[in-house]
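Letters A, B, C and D mark the chains as written, and numbering starts fresh at 1 in each.
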Amino acid sequence: MFIGEKKIARPFRWGIVGGGRTSGVGYKHRLGAMRDNTSFELKAAAFDLDFARCVDFGKNLNMDEERLYPDYKTMFAEEAKREDGIEAVDIATPNFQHFEVCKAALEAGLHVICEKPLFFKVEEGEEIKALAEKMGKIVCVTYGFSGFDLLSQMRSMIQNGDIGEVTMVDLRYAHGFACDPTGDKQAEGQKWRVDPAKSGPSFVLGDLSTHTFYMSELVCPQLKLKQLLCDRQSFIKSRAPLEDNAYVLMRYENGAVGRMWASAVNAGDMSSQHIRIVGTKASLEWNDMHPDELYYEVQGKPRQTLVRAMDYLNPEALEYERLGALHYTGLIDSWSNLYTRFAIAMDAKNRGDEETLNSLVYPDLEHGIDGIRWVLKCVESADKGGVWVDFK
Amino acid sequence: MFIGEKKIARPFRWGIVGGGRTSGVGYKHRLGAMRDNTSFELKAAAFDLDFARCVDFGKNLNMDEERLYPDYKTMFAEEAKREDGIEAVDIATPNFQHFEVCKAALEAGLHVICEKPLFFKVEEGEEIKALAEKMGKIVCVTYGFSGFDLLSQMRSMIQNGDIGEVTMVDLRYAHGFACDPTGDKQAEGQKWRVDPAKSGPSFVLGDLSTHTFYMSELVCPQLKLKQLLCDRQSFIKSRAPLEDNAYVLMRYENGAVGRMWASAVNAGDMSSQHIRIVGTKASLEWNDMHPDELYYEVQGKPRQTLVRAMDYLNPEALEYERLGALHYTGLIDSWSNLYTRFAIAMDAKNRGDEETLNSLVYPDLEHGIDGIRWVLKCVESADKGGVWVDFK
Amino acid sequence: MFIGEKKIARPFRWGIVGGGRTSGVGYKHRLGAMRDNTSFELKAAAFDLDFARCVDFGKNLNMDEERLYPDYKTMFAEEAKREDGIEAVDIATPNFQHFEVCKAALEAGLHVICEKPLFFKVEEGEEIKALAEKMGKIVCVTYGFSGFDLLSQMRSMIQNGDIGEVTMVDLRYAHGFACDPTGDKQAEGQKWRVDPAKSGPSFVLGDLSTHTFYMSELVCPQLKLKQLLCDRQSFIKSRAPLEDNAYVLMRYENGAVGRMWASAVNAGDMSSQHIRIVGTKASLEWNDMHPDELYYEVQGKPRQTLVRAMDYLNPEALEYERLGALHYTGLIDSWSNLYTRFAIAMDAKNRGDEETLNSLVYPDLEHGIDGIRWVLKCVESADKGGVWVDFK
Amino acid sequence: MFIGEKKIARPFRWGIVGGGRTSGVGYKHRLGAMRDNTSFELKAAAFDLDFARCVDFGKNLNMDEERLYPDYKTMFAEEAKREDGIEAVDIATPNFQHFEVCKAALEAGLHVICEKPLFFKVEEGEEIKALAEKMGKIVCVTYGFSGFDLLSQMRSMIQNGDIGEVTMVDLRYAHGFACDPTGDKQAEGQKWRVDPAKSGPSFVLGDLSTHTFYMSELVCPQLKLKQLLCDRQSFIKSRAPLEDNAYVLMRYENGAVGRMWASAVNAGDMSSQHIRIVGTKASLEWNDMHPDELYYEVQGKPRQTLVRAMDYLNPEALEYERLGALHYTGLIDSWSNLYTRFAIAMDAKNRGDEETLNSLVYPDLEHGIDGIRWVLKCVESADKGGVWVDFK
C-alpha cells in the first residue's frame, strides 16, 4: 500500500509552462504532481500567453509572485540564477511548442515532463534524446490514462501467460465532442487542435490515439509493430487535411494483428478509451470509464471481473494502491501514480541508479518517440490512399 | 400487437433438408417456423445424411414416417406426387449444398428458405434469381438474428433522421468458440466449416460476418458499399487458407466509412454481435446478448436506453410485439418474426400481391447475393495482401 | 440438449379458459405449451367472456370452430362427451375465478394448469388438493419466469454448497407501470387487478411477488419461512385497501433472513425481477431482464458471470438447453421449459410413475398454496400495522 | 469549473488525531484536505497510539518533527502556544474517542472535522453543539462519499420536481468484507469495530449505514423520518450483540417509505453503496462504484444515463467540476470536494458570514447527530424484536 510517504529524499522543485487558468490539461498536472507534496512542489510557472492572467492565477494558487513569469525563456533564465531554482519542468502548451520548450528546458539543466503528442518529427525526438543524454536528464511523457492500477495488472497477467500468446490488440479512443464544428472557431482549446501549424500533421491520431497506442505498448511490451494501414476522414470538411476520425489496422512481428479507432465525431459515446488484448486462450478488456474493473475472459469459462485493490491481484497492481477495496479511483489517481514514478525516475537519474531507472515502468522519451512515429506512419498510410506501410 | 393470429389463409405445408438431430441450426428453423402453427406446418423432411437417424428423429417429432426421406431428391419427387405435398422447403445443410438443393427445390416448384452464406459464387445467385423468377417463387435467407424488434426501431430512427446523416457503421461478430482447434477434427458441425470444399472460400467471413453485414443493410438500406479492404488471419494454422479472424474496413458511396470484425478466436467473448451506427449528431448501438435494449446516444445529451415493447417506440418496432413490456425476448423470437414474414412473402407471391412483397422487410435473395459478394470481395482483398477493392 | 423430441408418447389434448385476444397472458400459455407440438395440442377453448370474440379469435388460430365455447362449463361438458376430448386445461382468467374453474376442471377429470395467485384462501387450496388426489390429477401453477435454465443452475449450486450456508434471500419484483392511475379505470387488464372482489386481498403482493417468492422456493428448497413482516402502501389512494407497493422482511427457520420489494409504482424501472441469494462464502444473483447471465460472487475473488448453455454449467442447467451457446433466450423459453415439465408430470401421473413425479422440479399445487399463504400473511402483517407474524 | 484556485484568503493550518500509517481512513483525509494546498496545510499530528510510528510516519510526509505529538492533549496544548499553531483538527480515531477529542479540540479553540459515527449518544451531540456555539467553531463530519458531483445533481433534480413527489428511498451499503471472522481477532482496523466498548452499540449500522443515511438527507432534505423498524443479525455469532447485517424499514412524515440494507457479510458484493429515490413520475439511482453516472428513469420513457461534467447538468453539479467531460472521478475527488467546503465553512464562521454558512451544503454537526440517532433508533427497534419506533 502506498499512502503518500516519501519515495525520494525531498520533493523536486518544479515549474510549469502552459497549463494556465483556461487550459484543458493544466490542473491535471498539478493534481497529479502535488497529491502528496512528497514528490513535487510547484515553485515557478509561465502559465499562460497572457501574463496578467498567469500572475493572477498563480497568486490564487498562493504561489510566490516573483516566480510567475511572462514566458518560459525568462523562467528558465531566472530560475537558473536561484539557489532554490526549479529542477524539473512541465510542458503543457499546445503541441507545436513542445519541441522548442523541451530543448530549452534540457539546455537549462531541467528534467522534463512533456505533453503528448511529443513533437512533430522523429528526428526531433532523436535530437532531444541525444541532448537529454548529454545533460543527464530524463524526459517523461504524460500519457495520463496509463497510471491506473489495473493496467499494471493487465501487463503482468499478459507477461505471466494468463491469456496465452497475444493474437490481437483492439484499441479505441473515440468520443464525439467535436461533432459540432462550432468549437473549431470559438473554443480556445479546440482552435489550435484543427490548425496543422499548431497541432501537427493530424488531429485525432495525435490528440487521442497516441494515448491508447502507448497503453498497448504498456500492457504488451513484447509486441513489435511491423506494419500499419490507416484510413482517415474529415467528416467536418473544414478540418481537412486534419482528420476527425481514423481507422488503423496493425500487423505485429509475431503474427498478432490489431485495430485502432480514433475519433472525435463518434457521436454520443462517453466511454471513450477501450483496450482489449486477445490471446490464444483468454482475453483482457479494460475501459477508462470504469477503470477499476478489468474483464478477464477465458474461453469456455465464466467471465471474471477483477476489481482494483483486491488481494487476488498481482503485486504490480497493488504497488500504488492507496485507498483500500471498495474505494474507487478516477483519472487523477492515474496521474498521481505517474507523477510519483516520474519523481522516482528523476531521482534515480540524479543518483545514477540505473537499476531503478531500468525497472521502473513509466512513459518515457522512447514511448514519446513511438507516438510521433505512430502518427506519422498513420498519416503517411492514409495519405497514400490507405495502404500498408512499415512501422520502422 | 401480434399474438399468433393467422396472417395468411392457411399455413404452408413445409419441408426441411438437413437440420437433423445433431445439427446446429435445425431446431431454430423449426421453432421459428412453427411458433404459432399459423404460418408453417412441418410435413416432410430429409433431415440427415444418416437416414435411420432422420427417421428416428422425425418420428420423435410425431411426423408421418412415410414423409421422412433419405435425401432431398426423393423428397422433392415424392412430395410433388401428393395432393398435400409440401409448398415450401428449408435448406439447412452445410454451405456447399445450398446451391444444388435450392436449384432442385425451385425446379420442383417450391418456395425456398435457405441458410447463409447463400452460395459460393455471385453467378450462382444470379442463376437462382432467374430461376425463381421463372418459377414464380421466392428465396428467403435465414439471417436469423435480424428479426429483433429493436433492429426495426433502429432502421426507422435512422430513416427518420434521428441520428443525422450516417457517418460510420461499426460491425462485429467475434466470438472465441474456435480458439481450440480440437473441434476442427472432432466436431461434426465444425469439421466442414474449416474445409474449403464444403464451407466455401472463407470460414468466419461467411459463417459469421454475413449476418452482421446484412444487419447493416437492414438498418441502413440507403447506404451503398463502394470499396472494402480486408486483412484475414488463420491463427490456427491448419485452417489456412480459411481465416478464423478477419478485419474489414469499408467505404460507402456517400462518404460514410465502416469496420467489421469477424472472429471465432476472440477468446472468451460472449456478446458476439454488435452494431453501432454513428451519425452526424447521434449514434445507435445494439448487441445480440441484450437484444431488447437499444442505446441512443445524442452528442451532448444523456444516453438513452430504449427497451422493447414500450409505447415510445416507432410502429415498425411494435408490429411484431407479442409479449408486453417487461417481458424480454430471445433469439427464437427473432427467428419467429422472420418466419412469419417469410410466410407473408410467399403468400403474397402466390397471390401476385406485389405491394406487400415490396413493402415487406425481410432477408431476400438480393440480400443473400450481397452476402456472397461480401465474402468474395473480402477474400479477394485479403488475398491480394489487404488492399482496397471495389464492391460492385 | 433438448430439441423438441417428444418426452411423452403423444401430446396432451389441451384446452384453455380465458387468455383471449385482449388478455395479457394468454399468448404466453400458447407459446409455452405449443412450442414443439410434442407436449400439448390446443383443441378447445373458452377464451373470452365475449363469445363472438372467442370464436373469431379461435378461428384465426385455425382452431375447430365447434370446439370454441361460450364458457368453461359448456366446454367441460361438451369435451367430456367426445372421444378426443381435452385431457388438460389451462385457467387464465382473472384471479377470483381460479378456484371455481379449477374445481370444475378437476371434477371433469382434467389435469389443470392454473394462473397465479392460485386462490384467495389456503382452505381453497386444501380443498383442491384433496379433490386432485381423489381424481388422480395434478395442478400446475404458471410461475412463468421460473423456467429459465440459470435458475436451475442457481438451485444446484446452492444445493452443492457453492455459496456456503444461505444467510440471506433478497427478492424484488418492482416495476412502475401503475404509476399513473388512469389504467385503473380504463385498461381491461388493470381494472380487475385493483378491485378486491376480483383480485383478492392484495394487488402487487399477489400479482407480482408470488412469482419471486416461488423463485426463492425453487432455488432454496431447503429454506423454511418462519416469520414475516410487511408494510404496504397505496400510493394511488383510490387503490386502498389494495397496495401498489409493499416491503416485506422475512426470517427463516435456520436463521437466514430475507427481504421482498413488490411494487407497481417503482417509476421507470425496467429490470423488474431480481433475486440474490447470499451465503456464508459467496452470493448468486439473477435478474429477469438478462436471464441468461448469472452472477457468482465469491467473497475475495473476482465476480464470475455464468452464461446459459455453456459447458461449465451443471447438468440441471443444461437439461433443457435448446439453442447452443451465444444464442440467448427470453421469457417464452422459460414458459416452454415449464410446459414441457407440466406435460411430463401429467404423463407420469397418468402412468402412476411416482419416481418421475417426485424428482421433477416444477411449480405444483403446494407451491401454489404457499403463494396464497404468502399473500395472506403479508396482508395480515401489514393490516396489523407492520408486525411480525408466523408463516405457518 | 473549479481548478484549485483559492476560495479562502489562506489555507488553514490543520492537524490530525489518528489516521496514522496503518489506519484505514487517514490517507483519505490528507488527500481530501491537501489536494490543492489552498484550503488546508497539514502542520501537526498525533497520528498514532504508537508514538515512534507517528514520528516516523510524519517525517516521511516531510512534516516538522517537533509538531508530531504523542497524544492529542499534548498536541492541543503545544499548538495553542504557537503563533502559527493549528486552527483546525481532524479526528480519525476509532469511534469511542470521537467525543472526548472533539470536546477537547473545541475547548482548545479549534474547528473540528470528525469521523462518523459521530458519538454514541444524542446527548453528547447536544453538548458538543452547545460548546461549538459558545466557542464560535464548527464541526464537520466526514461522510466521505457524499461529495460526488452527481449527488448534487440528484439533490437539485429532486428539488426541481423532476421525479414528482418522493415516494420511496431505497438505501444500501452492503459489502462482504467481514464474511470471514478471522479479521475480528487479527486485523487492527476490524478488532475495535466488533468491540461495543470501542465501536458503540452497533457495527454495520454505525460503520456503514450512517454514510448512506446521510446521503438520503443530502438528496432529499425535505423528507422527515417519522418511524423506523430494524431487524439486525450477527451472522458471525461472536459479534453479538453487534450486528454484521441489518435491514431497516422507514416511514417518512409525508407518507414516503424507505429501506436500508447495511451489511458486512453480503458475500462478494463490490458495488457497496446504492441509493434510489423513487418519485411519483420518475426515479433517480446512483451507486458509488460508478459515481459519475446517474440513472434517471421516467416511467414510460427511455432510461437516461447522466454523466458527470456534462453541460446538461444543473449548476449545482458543475460547481466543483475540475476535470472536464470524459475524465472520470473517484472517491478522493469526493473527499476533496467536501474538504473544500469544510474550509469555506470554517472561513465563513470566522468571518461571521452567516449567509455562506447557511447556503453551503456539507455534512455538519446536525447531520452527525442525526447519524447518532439513526443508529440508536435502529438498535432500539431491533433489540425490541423488530418493532416500529418513532425517530424523534
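The rule we apply is simple: a contact is a pair of C-beta atoms (placed from the backbone, for glycine too) under 8 Å apart; a residue touches a chain by one contact, two chains touch by 3 or more.
Note that this is a predicted model, so its numbers are computed, not measured.
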item: Neighbouring chains shared between subunit A and subunit B, ordered by label; value: C, D
item: Chain located farthest away, centre of subunit B as origin (C-alpha); value: D
item: Which of B-D and C-D has more C-beta pairs touching across its chains; value: C-D
item: Geometric centre distance via CA averages, subunit D-subunit A, whole Å; value: 34
item: Where subunit B and subunit D are represented by their mean Cα positions, the distance between them in whole Å; value: 56
item: Distance between the centres, which are taken as Cα means, of subunit D and subunit C, whole angstrom; value: 44
item: Multi-chain contact residues (two or more partners), subunit D; value: 177, 270, 296, 300-301, 303, 307
item: Residues of subunit A touching subunit C in the complex; value: 296, 300-307, 310-312
item: Subunit D to subunit C touching residues, read off their complex; value: 163-164, 167-168, 170, 176-177, 179-180, 229, 231, 233, 235, 245, 247, 249, 251, 255, 257, 259, 261, 263, 265-270, 278-283, 296-301, 303, 385-388
item: Subunit A-touching residues of subunit D, taken from the complex the two chains share; value: 3-6, 10-11, 21, 24, 26-28, 30-31, 34-38, 57, 60-62, 175, 177, 270, 272, 288-292, 307, 322-333
